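Two complexes are shown next, each including subunit A; its partner changes from subunit B in the first to subunit C in the second.
Up next is the complex of A and B:
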């Protein structure tokens, strides 16, 4: 049976898709937000295309961040990498005090304008929550289970693949979810350095004093963030219940 | 096996060797706009400084590679960082031709890599020493004091970053003031409103889900959009509410930025208040009821003090986040360090970006260290109680 919140999300998704494909259907809703002759629907590019580019940027950055963060977390939780564990914790804490705008702006002189600095900033910023959660997941496993695994003669690799990673997976996935949501919002700032994201719509609105642009850009990102957050959470739950079985 | 090799030390040695020997130490530009020419450490520094910096870096690398006590590692790392900081100032004087006001000297990748490598070593040593909150704050003050001393001594005046500052000294401090006012003011407002809201949510379960849901939804709106969306209602208020314009409420500028930061700040404050109050042990509440405390007495005397560390954690999250987000205010004319960041991005002037970004990062970093220390002091140490 579909529950009410699920129905609500499906409805939100349907409205979002309709808006991206046929934005002019919604023109009357946005019309009151603009002055007489100003356009109410973003007219300097396709909203659908910008949304896909936005999602692509976030997906690439998060995928890279996940791979690197997981590899690093596995490395520093092995015995051979234990010397790095205290430092990695501090670096995560220090890194999260860096404002995303600063990371983005500092990437521009090195990587030029466009998508590259945005990807780099999203990647670096996305690393932190995933790495932090992976560390938490891998260092707080129940000692009794670890001992049992060692007792049955599993090798370090087997323990990692069959015991540690599956047990830590819910926490790691929560980190990835957090990272995606932060990246979705931060990617909009990428448009200040000419990356093609939904931020373009918002910035165009700010520059031409067009509230409708600001609202539609912001709402698309917000709805995307809520839907993706909930979808990932549902995926985590189904994974968790399957593993619990 | 007395001389075991430290793995982190090897990485630091590799970084430092690359930074010192292969990467350029400073960039020289004939004026603000032309492309820079790379200068190696030997070319950039007067020979005495080259010797000092290289010796200290080498000493630090040796200390890092061998397994040495943390205090020694920290000491040498800081000595080398200090030499690097003073050295880059000397490089500016050395590279700039006399009587030339247009030439620009700025630190290049080698300098930053060396600084990063040494910073890693210092951070690792500090983490291992586990200093108490007070020592951490004293340490922070010492580092900030050193930076202030170097700045006032004029050692860095020849650097491009400081030349950008010199031509904007007045606006810099005005924007700094706006930045701090935005970040701290919205935090103060969010604390004053958020803690009572959190207490209300704790008492009225029905309200909790709804309010936290709304605040969560606000967090998903990207910052530049929320700043923009608020322009309209505030503009309307300024025109239609008598007296609003007189106290500075306007559609663009500081007012929408302030309200946006306030809205973002509410969720961590309210949510942490709820979590903190929910975490108060039932026994504590029962005991308080048993001795005849009223609801209000219980709240002020028992619940709030026990929940305080968790609420403080929410405030820390907000403060660090606000200091970063306040940079976005520049996009809607709200001022702050973001003004320099976005101007710099627009002109591809790295130094101008740094003029905005470095103070922002320093501010966020300082806030994080100070509040972490406060939280640790406020949290009752359960381990200590148990072991006593």
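Up next is the complex of A and C:
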């Protein structure tokens, strides 16, 4: 038997898919938001294609941020890398404090218009939550378990792969989840430098004073964010409950 | 055989273990006791090189424990700690299989070993093998912790306050189980505790540590009769001495010829238990039966009182 929140999420997902495939079904709902004879449904491209491109951008940026942040966190929590901890912390912090818009502005002259500047901005912006959470996860492991892992004769690599990473995984996943949600929203500004994301819909709405465009672009991003957030959270919970947390 | 020769451990200016030499005979239980900060845990952890000594050597069966990489050494030595240290994301069976897996045993052999150990520790392999540690009681977790330490059939088992987190009733049972298992596998056990009662119950020899030094290394009986320093005496507890003396010997050693009335006591029971029964039932003597159930004599109140007397 499915619980009510799960049913609600399934329903939201179904509505989202329906809207992306057959947007004209929803035209009567959006019609009141626009002036007469203006289009109520985005008509300068396929919403489905934009959504997939949007997700692809976020996925690539988060994957890169995860690899780099996790590798950095692992490096600085080893005995040999401990001295790099303060340095890597400030580097990652700078990535977070630098506004994504500024990153876009700086990256465009180097990489040109399109997806690349957006990927760089999202990558830098996504590093911090993953790095900080991985650091927390790897440094707060119960001492008795780490002692037992050494005592059973695991090598440093075996301890990392078999004990430390699996035990820190729920916390690391929480960092990735945070980073994904931030990136989903931030990716929309990529369309100001001609990256193909759902930001296009919102920007088109702002330019032609079409509230319906803004609403549908915003809602798609919001529903995506909520659904992906909940799915990742469910994954964390199922990992955590196995360990008795 | 474990030979500890002139082991010293310093952290900066503080000396935690100072020039300790001990020889631990194979297939015996040696208990290291001391107050907290006496260096007993550090000494234990230098045997499997979780701590590297500042100077001195430790030999296992004549071989320097630095002749192997540290992780290979540790796979050969069982290690059980307080609060068990079970891996929470692995099942009981996977936890026990840790060292055999690291050693690359084949699957069938690992499975047979896990089943054997769980059965030995009175845990049903089918019911407990697939469970996660947090689904077990404290006593069960502790048993799994010891089972994991014994999985690769180590000759030496190091235990750091293994029963510290258990309540008194489960603790007494766990101690008896440990002695039975030690006889079964003929393991050399080195155990650290601050509980004198536990030390006297388990030990073939006791090493008392104080401020990083071993102040006495002797059998429990020797230690009771001739405590080396005032510290050892205070650790034993002056008021407890006669009872501890009786507790380390069995009724079999105190049997006198003759007969007595009433319920009999087993010759394997401790003399302290015999004394307790005598006092409680108000009798002067108890009949004693051997392991086969045959009457072999009596144990008398006067006899026990004489045995409990210290040297004059």
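Definition applied: the second predicted complex is superposed on the first by the 239 of 245 C-alpha atoms of A that agree within 3 Å, B and C clash if a C-alpha of one lies under 4 Å from a C-alpha of the other, contacts with A are read in each partner's own complex, and residues count from 1 in each chain.
By our rule, contacts are C-beta pairs under 8 Å (C-beta built on N, C-alpha and C of every residue); 3 or more make two chains touch, one makes a residue touch a chain.
The structure presented is a predicted model; accordingly, all values stated were derived computationally and were not measured.
Peer 1: Sharing subunit A, do subunit B and subunit C clash or fit in the superposition?
Peer 2: Fit.
Peer 1: For A:140 in the superposed arrangement: first (subunit B), second (subunit C), both or neither?
Peer 2: neither
Peer 1: Going by the contact rule set out at the top, does A:49 touch subunit B (first), subunit C (second), both, or neither?
Peer 2: neither
Peer 1: Given the touch rule stated above, what does A:98 touch, subunit B (first), subunit C (second), both, or neither?
Peer 2: Touch partner of A:98: subunit B, not subunit C.
Peer 1: Rounding to a multiple of 10°, what is the angle at subunit A's Cα centre between the Cα centres of subunit B and subunit C in the superposition?
Peer 2: Superposed on A, the angle at subunit A reads 100 degrees.
Peer 1: After the superposition on A, what does A:233 contact: first (subunit B), second (subunit C), both or neither?
Peer 2: After superposing on A, A:233 lies clear of both subunit B and subunit C.
Peer 1: Which partner reaches more residues of subunit A, subunit B or subunit C?
Peer 2: B
Peer 1: Which partner chains sit in contact with A:6 here, subunit B, subunit C, both or neither? Use first/second/both/neither.
Peer 2: neither
Peer 1: Touch test for A:152: subunit B only (first), subunit C only (second), both, or neither?
Peer 2: second
Peer 1: Using the superposition on chain A described above, determine whether A:89 touches subunit B (first), subunit C (second), both, or neither.
Peer 2: first
Peer 1: Taking the superposition as given, tell me the minimum C-alpha spacing from subunit B to subunit C, whole angstrom.
Peer 2: 18 Å.
Peer 1: Which subunit A residues lie in the overlap of the subunit B contact set and the subunit C contact set?
Peer 2: No residue of subunit A touches both subunit B and subunit C.
Peer 1: Please name which positions on subunit A make contact with subunit C in the complex.
Peer 2: 144-145, 147-155, 158, 163, 166-167, 242-244
Peer 1: Taking the complex as given, what residues does subunit A use to touch subunit B?
Peer 2: 33, 81, 83-84, 86-87, 89-91, 93-94, 96-102, 105-106, 108-109, 113, 181, 184-186, 188-189, 192-193, 198-199, 202-203, 205-206, 211, 214-215, 217-219, 221-222, 225-226, 229
Peer 1: Along subunit B, where are the residues that touch subunit A in the complex?
Peer 2: Within the complex, subunit B touches subunit A at residues 6-8, 120, 123-124, 126-128, 217, 220-226, 228-229, 231-232, 320, 323-325, 327-328, 331-332, 338, 341-342, 344-345, 348, 350, 353-354, 356-357, 360-361, 364-365, 367-368.
Peer 1: Could you please specify the touching residues of subunit C with respect to subunit A in the complex?
Peer 2: Residues in contact with subunit A: 48, 50, 71-76, 79, 81-89, 98-99, 102, 132-135, 145, 148.
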